[in-house]
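All remarks here apply to the structure that follows.
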Amino acid sequence: MTAIQRIVSPEVAEAAPGMWSNCLRAGDVVYLSGLTSRDREGRVVGDDEYTQAATIFRRMDHLLAAAGATRGDIVKLNLYLTRIDRREAVWRARREFLEADGARRCFPAATLVEVSSLQPGVLVEIEAVAHPGLGGRPAELEVAA
Amino acid sequence: MTAIQRIVSPEVAEAAPGMWSNCLRAGDVVYLSGLTSRDREGRVVGDDEYTQAATIFRRMDHLLAAAGATRGDIVKLNLYLTRIDRREAVWRARREFLEADGARRCFPAATLVEVSSLQPGVLVEIEAVAHPGLGGRPAELEVAA
Amino acid sequence: MTAIQRIVSPEVAEAAPGMWSNCLRAGDVVYLSGLTSRDREGRVVGDDEYTQAATIFRRMDHLLAAAGATRGDIVKLNLYLTRIDRREAVWRARREFLEADGARRCFPAATLVEVSSLQPGVLVEIEAVAHPGLGGRPAELEVAA
């Protein structure tokens, strides 16, 4: 059994030591922390839900690639918003992310809730679970009855 | 390795394309989206916590069956309520769901929190993880020391 | 395949029958419920975030040990606070917990959000996922590129 691996990307700022890891791989599963919209120095970027969500998905993509996974391998997304009435903007960023490469794949399972607060300036936080190597086929072949 | 499978049931309305999947199976794990209380056309039903939670568990049961799993295979439930002081009603619906077939099984691990808002009319949202084929035995045989 | 096992510890009060399990092991994965700061009789203890989080991590440690796992096997933590501006106190308790034995391991992936309410007297709730046997090595050997 391979030990838990911490997955890092030069494009995604890690938290200070003693805090958390952005991404771990344990066996056949990849766990991504609740990611927020930040630049490489860790500063919050974007002051609307669409921009923040799109930035989060770009960061997620870098971490998935470093973990040997693709966006098609994502099985679960948990989305935390401070303003649920802006959810359409987050859905749009998600759809663009998942369809950007033209693949027609099955979308992840997901939960979206409004929380009373996130860290200062943060409007959206998104965490994910992925199973590397299990995604990437056209969705129509994967529908079970 | 079998690719990620999208699991659908005629009893449970899917979201529009480009949104999310209600249920995916990846390897030995089944992921269920945060489900809400809706009819087959996707309209919210029930205006109290008990009715909404009971409806959610019925929908969950259909999806689990389509995934080749049972309610005994659920290992984790995450419950989001807009009014935590109504949690007893949700617990009651959960207990009835898990004990409905007379089996004495170990109950899932669970987290229950109050969030500031869910989608319009939604009082309860519940997501689940299941391991098909690993549940279903009497709970008293499964207690470890 | 081994059936789902309920993991119990004499140090950690279980919920009443028909509610939930604190900890389940399914295959190679351990699921811990959202734990709160309680004594052996189930009463809430501590009226600040640091004390409550430290108590939660002690309870988590007992359950992990009963499951044949260690704190180094934790891959994911979800932290729910009622006052996000007290997050530094929770981070401190987490760091002390994960570094207490002197091991330099990779920290779990994590999500921290403020929710509008938890159960009466509860300021912090923390859930976890662990992969027994996959942690415990020095973090510097586990960093991937």
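First chain written, first letter: the chains are A, B and C, and each begins at residue 1.
We adopt the following convention: a residue touches a chain if its C-beta (ideal position, glycine included) is under 8 Å from a C-beta of that chain, and two chains touch if they have at least 3 such contacts.
Predicted, not measured: the structure shown is a model, and the values here were computed from it.
At the interface between subunit A and subunit C, two copies of one sequence, fewer than half of the residue numbers in use appear on both sides, so the contact is built from largely different positions.
Least-squares overlay of CA atoms from subunit B onto subunit C yields a rotation of 120° to the nearest 5. With centres taken as mean Cα positions, subunit C sits 23 Å from subunit A.
For subunit A, residues touching at least two other chains, in rising order: 115-116.
By the touch rule above, subunit C contacts subunit A in their complex via residues 28, 72-73, 75-77, 84, 87, 91, 95, 98-99, 106-116, 129, 131, 133-137, 139, 141-145. On subunit B, the positions that touch subunit A within their shared complex are 1-8, 18-27, 29, 31-34, 66-67, 78, 80, 115-119, 125, 127.
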